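One structure, pasted below without further comment.
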Amino acid sequence: MNGLADSLGSPFFQRALVEAVLVGVVAGAVGVHVLLRRLPFFVVAMSHATFPGVVIASVVGFNLFLGGSAFGLLVVLAVVALGASKVLDDATVIGVVLAGSFALGVLVLSARPSSSRDLSAFLVGSVLTVTRADLLTTAAVGAVLLAALAALHKELILGAFDPEGAAAAGYRTALLDTALLAIVTVALVSAVPAVGTLLAVALLTVPALAARLWVDRVVPAMVLAAAIGAASGIAGLCLSAAFGIAAGGAIALSASGAFVLSAAGARIRR
Amino acid sequence: MAGLRRLLLDPFAVPFMARALVVVVLLGILGGVLGVHLLLRRKAFVTEALQHTVFPGVAVAFVAGQSLLVGAEVAAAVSVVLLHVLTRDDRVDTDSALALLVATFFALGVVVVSRSDSFQSSLTALLFGRILAVDARQIAETALLVVAGAGVLVALHKELLLRAFDPAGGAALGYPVRRLDLVLDLVVALAVVAAVRAVGTVLLVAFLVTPAAAARLWCRGVPAMMVGAAALTALCGWLGLAASYQASVHHGLRLAPGALVVVAITAAFLVIAAATRVRAALR
Amino acid sequence: MTAAALVLRGVTAGYGREPAVEDVTGRVEQGGSLALVGPNGAGKSTLIKAVLGLVPLLQGTVEVLGRPPAQARGQVAYVPQAEALDRSFPITALQVVLMGRYRTVGWLRRPGPADKALAAEALERVGLAGRAASRFGTLSGGQRQRVLMARAVAQQARLLLLDEPFTGVDTTSTDVLLEVLDGLRADGVAVVMATHDLSVAHLACGDACLINRRQVAFGPIQEALTAERLRETYGAGAVVLAGGSTIVTA
C-alpha cells in the first residue's frame, strides 16, 4: 500500500480527494431526483450529448458548463425536431443524434496534438490534475445546484409524484421539468473532471439507487446518497493509488460496490 | 475532374487505406442488414447500452493479450443475454437496471485497461477503434463474421419479419419466438466483434442504427432498406476516409477517420431526413 | 368418424396463481362455428391463446383435430385484431397474406409461385386483389381485418380462431368477412370467434360459449344466449329490450 501512503501526502491527491467528495455529494443528491423522475436513460443519453460541447468548449477556451449544457440543449432540440417522424421510434432518433454528436466530439479532439490524453481525460476523468481554481468552481456550482434543489424541493416532489395534480394546482410543470433537466445536466458536466462523461452516469444514479434501498423518504435519501457518493469518491481514489488503476473507473466501481453491499444488506434484513 | 479523381481515388492506392475501406464496406453490409432488423424491432436503446456492457470483455481480452475476437465474443454474448433477460423482467425498473449495468461494466473495463502500460491510447483504441491499423488477417476474420451474420439473417428473413410484425401470429403458427429473438441478439454480438477492432465499441452503434434509420425514411420495402443502408455506409465510408487522408496528408490536420465516417453517415441521415420531409410536403 | 375440430375438457388456463379462465368444456365439429361471448376480461382471449398453446394449461385437455395443439399447429390459423399490428410497418398486403404460407414453405426457403398464387387467390376472395401491393398500414381498419382473414385462408387451415374480428370494422368488410366465413364452413373448416357483438354471433355462428371467467353455457346459440344466461354472464351489463332481444353493454 505504499502507493497510497505516498499519495496521501501529495497536494494533487489531496485536491483530488476534495474534488471527488464535492462531486460525490452533489451528484448523489441530484441522483435521487434522477430516480424520482425516471431519468436514468436521459442521463446516459446526456452524457453522450454534452461530450462534444465540453470538448469544443475546452478547445476554444470557453466555459465548460456553458459549452456542455449548450450542446446538450442543441441535441435535445435536434431530437425533438427529428422525433416528429412517424416511422422512427424515439430511441432510434436519440441513438442517431447521440452517435453523431459523440463522433463529432472525438473528431474535434483528434485534431489536437495531445489527443489521446485529452480524450481519455474527458471520457473517464482526470481527477488528479484538478487545480485549486477547479475546486472553487466545483464547490460554487455544487452549492448553487443544492440551493436550487432545496428551494424547489416541494414543487419537485409534487411534480414527480403527481404531475397532473401539480398542473391542476397551477404549477407550470413544463418549467419545473426544464429546471430539473437543467440541474441534472449541470451536475453531469460538473462531474466530468472527476470521472469523465462516460462514467458520470455512475455517480448520478448508483449512489441514489443504493440509498433508496435503505430509506424511503426523499430528504434522507438525498443525504444518504450524498454520503455514499462522497465515500465512493474517497474509496475510489484510495484504490486508485493503492493498485495503480484509473481513478475515474475506481470511483465508479466503488459506487457500484456500495450498491451491491446495500442490496445484500437489504436481503439480509428481510 | 482529374482533381476530384485525385481527391477521391488516390488515397486508396495506399494499402492501409484500401484495407480500411474494405472493412467499412464489410461492416456496412452487416450493419445494414442487421440494423434494419433492429429498427423493425425497436431495439435502439438496447444497442446503445450494449456498447458499454461489451467493453470490459473487450478490455480484458486486449490487456491479456489474447485474441480480441474471443474475448469480445464472450463478453458480447454474455452482455447481450444479460440485457435480454433484464429488459424482459417486468419487475425490474429497466432504466435503472440498464444505467447500473452500463456504469458498472464500463467502469470495470476502464479499470482493467488502466492496468496496461499505455492506458490512454489503449482506451481510445478500444472505444474508437484503429481503422487504419487493420491488417489482411483482420479483414479475413471480419469478412467471415459478416458472411456468417448476414447469412443467418438472410436465411431467417421471413421468420424474423413475421416475428417483428406479428409475434402472436408467428407464435400461433408455431415459430419459437424467444429463440428467434435470441438469434437476433447473437448476431448483434457477432457484429460487435466484427466491428470492435476497426471502429471501437462507441462508434459501432452508429453503423447499426443510423444507416438503417436513413434507409427506413427513404426506401420502400425491407430488402431495399437493407441494400440502401449498406450502400450509404459504403459511400460515407469512402468519402470520410478520403477526406481524413487528404486532411492529414495535404493540410496537416489529424482527423480521426472512424469518427469522420460516422459524422458523414450522420450528415447523410440529416440530409435524407430533410429530403423526406420535402418529398412528403410536395405530394 | 372424423375427429372433432376442437374438443375442450375442463380447460383452466392462465398465468400465475389466478387462472384467467376456468373449467370450459365443449366441442366444435368440423365445419362448425362457435362464438365465444363474454364481457371484457372474461378470458375469451386467454382461451383462444390456450388452444393455440400460447398460454399454459393449468388443468384439463385441449384436442385439435384429435391431436394435442402442439402437433396441429399448421392446421390452426389465428386471426388477430388488426389494431394490434403496427401500421407503419413496411409490408404490403400481399406479403401479410403470404405469411400464412410460411409454415408450409418451411425454414430457409422462399415462398414459390404456387404459394403466391394461393395468396393472390385469398386476397381476391376478400375483395382486395387490387390492393395487393399497397402497404398494409394504408388500408382501412376493415380492409386490414380482411387481409388478416385472407392470411388465414391462404394457410388452408382446418380450424380458424378469430379474436374480435368485427370490432371497428365497416359494413362492407363485415359482409365480406361473414361471406368468407360461410364459404370456409361449407368447406368443412371450423371457426371459433371471440366477440361481444351478439347480432354478429347469431349471424355467423351455430354454437356459443358464454364465459365470464367460468363457463356459463356451451351449446347451440339459441339455447346458450338466452336473456337469462346473458344476465348471468354480464350482470348489470345485459339489458333486455322490448321484443325480448338482449343487448350487452359490457
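First chain written, first letter: the chains are A, B and C, and each begins at residue 1.
We adopt the following convention: a residue touches a chain if its C-beta (ideal position, glycine included) is under 8 Å from a C-beta of that chain, and two chains touch if they have at least 3 such contacts.
Predicted, not measured: the structure shown is a model, and the values here were computed from it.
Note on connectivity: the fewest chain-to-chain touch steps from chain B to chain C number 1.
The chain with its Cα centroid farthest from the Cα centroid of chain B is C. Per-pair counts of C-beta contacts peak for the chains A-B.
If you average the CA atoms of chain B and of chain C, the two centres end up 42 Å from each other. The centroid of the Cα atoms in chain A and the matching centroid in chain C are 53 Å apart. Once the centre of each chain is set as its mean CA position, chain A and chain B turn out to be 27 Å apart. Shared interface positions of chain A, defined as residues touching 2 or more other chains, are 87.
Among the residues of chain B, those touching two or more other chains are numbered 216.
Shared contact sites, meaning residues of chain C that touch two or more other chains, are absent. Chain B contributes residues 40, 155-156, 158-159, 161-162, 164-166, 168-169, 171-174, 216, 220-222, 225 to its touches with chain C in the complex. For chain B in complex with chain A, the residues that touch the partner chain are 39, 42, 44-45, 47-49, 52, 93, 95-96, 98-100, 102-104, 106-111, 113-115, 119-121, 123-124, 127-128, 202-203, 205-206, 209-210, 213, 216-217, 253-256, 258-260, 262-263, 265-267, 269, 273. Across the complex, chain B is touched by residues 52, 54, 70, 73-74, 76-78, 80, 84-86, 89-92, 96, 99, 102-103, 105, 107-108, 110-111, 135, 151, 155, 161 of chain C. Residues 35, 38, 40-41, 43-45, 82, 85, 87-89, 91-100, 102-104, 106-107, 110-111, 115-117, 119-120, 123-124, 198-199, 201-202, 205-206, 209, 244-246, 248-250, 252-253, 255-256, 259 of chain A are the ones that touch chain B when the two sit in their complex.
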